[in-house]
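Quick heads-up: structures coming right below.
Two complexes follow with chain A in common, the first pairing it with chain B and the second with chain C.
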Partner chain A sequence: EAEHSGASGAMAAIVASEVVAEELFFGWGELLNGISPYAWAFIGTGLAIGLSVLGAAWGIFITGSSLVGAAIKAPRIRSKNLISVIFCEAVAIYGVIVAIILQTHLEQVIKTTEVTPMMKYAGYAIFWSGMTAGLGNLSCGVCVGVCGSGCALADAQDGNLFVKILVIEIFASALGIFAIIVAIIMSTKANFE
Partner chain B sequence: MPELDPLCPPSAPFFGFMGAAAALIFANLGAAYGTAKSGVGISSMGVLKPDLVMKSIIPVIMAGVLGIYGLIIAVIIGNGVTPSEGGKPSYSLFQGFAHLSGGLACGLSGLAAGIAIGIVGDAGVRASAHQPKLYVGMVLILIFAEALGLYGLIVGLILTSKPGSCSE
Partner chain C sequence: MASMIYYNVDGGFLEAIARGFRSGILTAADYANLQQCDTVDDMKLQLQGTDYGNFLQSEPSPISTNTIAMKCTEKLVEEFNHMKVQAVEPLATFMEYVTYGYMIDNLMLIITGALHDRDTNELMAKCHPLGLFDGLSAASIPNTAKDLYEMVLVETPIGPYFVNVLNLWRSPQVGERQPGVEDLDELNIEIIRNSLYKAYLQDFYQFCMSECGDETAEIMGGILSLEADRRAINITINAFDTELSRDDKVKLYPTIGHLHPEGTARLALATDLDGVRAALDPYADYRNVLAEQGLGEEKSVENAFYELEVALNKDAFEQQFHFGLFWAYVKLREQEIRNIVWIAECIQQDQRHQIAQYINIF
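For the complex of A and B:
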């Protein structure tokens, strides 16, 4: 009985926070208000690193398996083609950079339960910044892995092809740079008071 | 409790940032597919004709340009979503939805163009290794595919430039 009235009191407070003029307005705002801005921000930070590392790992296993397979008959390729693995690892490093930048916005201890519009802005900014970095790096990692796999296989056939196919990998890793540029631009104005 | 402006609610930046994220994520996905698929084709045909590899990097460059289209729109939106200054909101829900639509327009078009460039690039470089006269034909087809991404960029720019205002 007491729990029921407590829950309905909380619901009334949530609804009251978005009552606009005289009407009861129910739209996207109420749906988003149910989630704390800190939840948005922390989920974004976690996804930034998690998805980037997923992309890097995916790329590494794609390129690594081709590398060791092709090196059976052409062992000379094994040291040079580790650079493809390093390109994939760089994607994970991009994710680490973005996650560390995003978490610097979240260093204050929560002192009040009041949620201001600025806090909501910051929560959404950090969430989407993390998603951009994470999913952008995911595509980039897989792409670098596939290109690295092709590079290893071509290098095993003809040693002169290595540098030429490496140019394709450089274009591929530029995609990760785009992702972190956008992520950093989106998160600069986020500011939890 | 500050007065909430119905034209500029605090939930508006969610949609703006979603647009920026969509522009970049989908354009990156398209560029990645294009680069990877053509890259595999180039690596395969390079074994047959090593001299043609540098000429055949065209599909990879065109796929990379799609990523840049997504970057452009994402940066425009990211700079356009402004926080409230001094308690006064400045970003309207109209602008939020406009940015979302612009981001989706550019991003999904980039994804589509990237898939097309990847598959055409893969088949094209392998074919032009066997038959050099096909190179120009491959480039023409790639240009048509790239134009799809450009359409998305143009519409995205139009949509993201729509102004909004908060009630005074």
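For the complex of A and C:
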């Protein structure tokens, strides 16, 4: 019986140490699991608008500096080439649209503290939806900016080139639309109830 | 390639201005009109319709070709300085490098003129405005290379290049005089000129390859290689009748360029034009530079190189987001000034059969 109690005592000690070890063991899995889905969701919404505006601003400065310099020698390009700037700005508007759509999922504060699988899904969906839109619009804005810069310089040299290079810019700005379409589809099922 | 996303922060405005200036370079149609002129004063009228505008307005007629050359150069310098003062690093350093070549030319002009006892003020008036620096007029005073360095050059940007010249002479053979004490005579002046230029080209090449981004490295690499090869070939051809030893010649060849090292080794061994042609044969670009001329046309080595240079400089404008086009713009405008002066001289001296030998740019 002493053995038995000794053995069960040892078992209890092992189980106890495993429980303690579980509480002490803290890796990436625990860390990511521990972040509230609300945090994921709000970060995603912020990224959607933040990265899109970054991309739009980047594009506007790339095309704007070339446009201003080229318009000194060739003032006729001033008004037409504002279209490039407008294309860049559209990228920021896409970001605003996605951010507003994402935040409509976040309008209710849920009273329970327990994290359900549905809430986790919603948190991740909104985060990555925001990332998709943000990164897609960032690249799109930069791309439209570089094309717009080339367009301004080419137009200053030879007026016939403007419309042809504008077609390239139209294709470039389609990239932003692809990004927000996917982002909106990703976030449709996200539901914090 | 990555430079396209951040080049425009500092360089976008200036690049656009430079392209605006480039669009004003005279085209074939403008040259055709200029060729039709009867006198140099007619050329002034024709030039009014181009980007030059009324720059000759206040000159009394009859206008000499020297005046035209000077005023055209003045306009170029004005445009270049307009861009240079607005430049930020590393473009500012790049544009400084562009002026060093002219500084070296001005310095050699003053020294050579002083050797032949010309008046310093007269020489200063002939200096290229892009290459003026403090102390240039004092370059006529010293008699030895060492004094020249200590008095004039040590604080200028081309000072470091002169160190190579002194090093060049630091290894005298048995029985030779000590370097640096001899007077600046004809041969030594040529040696100084070529070693300064060699050091400048190598320094500029190093700068372009390391600090200006990939596109600039690619474009300026090609342009500076051509420059280095041209110097090597000119040194070889000009050294045929002088007492320049083979080792000294090899020391003057730049270590950049397509001809280095095999081509320059063969050039060093060449003793006449045929030897040079044989040395250049493996290089497709340079094979035709010394080709025997057919009937009628007479194309000098210089013109052949100018054509190659113009082709490379035109290509520099085909890419965006690099610094090469600032150099290319200056060189193309210089070629344009040479063309205008050539046409003016032909008209003035009534040698119309040679008038079409300028190099067309656009």
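We take it that the second predicted complex is superposed on the first by the 162 of 193 C-alpha atoms of A that agree within 3 Å, B and C clash if a C-alpha of one lies under 4 Å from a C-alpha of the other, contacts with A are read in each partner's own complex, and residues count from 1 in each chain.
The rule is simple: contacts are C-beta pairs under 8 Å (C-beta built on N, C-alpha and C of every residue); 3 or more make two chains touch, one makes a residue touch a chain.
Predicted model only: the values in this text are computed from it and were never measured.
Visitor: With the two structures laid over each other on chain A, which partner does A:L47 touch: chain B (first), chain C (second), both, or neither?
Guide: It touches nothing on chain B or chain C.
Visitor: When both complexes are superposed, which of chain B and chain C contacts more residues belonging to chain A?
Guide: B
Visitor: Thinking of the overlay built on chain A, is A:C88 touched by chain B (first), by chain C (second), by both, or by neither?
Guide: neither
Visitor: Touch check for A:I181: first (chain B), second (chain C), both, or neither?
Guide: First partner only.
Visitor: First (chain B), second (chain C), both or neither: which does A:L32 touch?
Guide: A:L32 sits against chain B, while chain C stays out of touch.
Visitor: I'd like to know which partner A:G150 touches here: chain B for first, chain C for second, both or neither.
Guide: Both chain B and chain C are touched by A:G150.
Visitor: What is the contact status of A:L102 with respect to chain B (first) and chain C (second): first, second, both, or neither?
Guide: A:L102: touches no partner chain.
Visitor: In the superposed arrangement, does A:A56 touch chain B (first), chain C (second), both or neither?
Guide: neither
Visitor: Applying the touch criterion given at the start, work out whether A:V142 contacts chain B, chain C, both or neither, answering first, second, both or neither.
Guide: both
Visitor: Overlap of the chain B and chain C footprints on chain A, residue-wise?
Guide: 142, 146, 149-150, 153, 157
Visitor: In the complex of these two chains, what residues of chain C are touching chain A?
Guide: Answer in residue numbers: 4-5, 8-9, 12-17, 19-21, 23-24, 320.
Visitor: Which part of chain A faces chain C closely enough to touch in the complex?
Guide: So the residues of chain A in touch with chain C come to 58, 61-62, 65-70, 72-74, 142, 146, 149-150, 152-153, 156-157.
Visitor: Using the touch definition from the top, list the residues of chain A that touch chain B in their complex.
Guide: By the definition above, chain A touches chain B via 17-18, 20-21, 25, 28-29, 32-33, 116-118, 120-122, 124-125, 127-129, 131-132, 135-136, 139-140, 142-143, 146-147, 149-151, 153-154, 157-158, 160-161, 164-165, 167-169, 171-172, 174-175, 178-179, 181-182, 185-186, 189-191.
Visitor: If we count contacts the way the header does, which residues on chain B are in touch with chain A in the complex?
Guide: 1-2, 4, 6, 9-11, 13-15, 17-18, 20-21, 24-25, 28-29, 31-33, 35-40, 42-44, 46-47, 50, 53-54, 57, 60-61, 63-64, 67-68, 70-71, 74-75, 78-79, 81-84, 89
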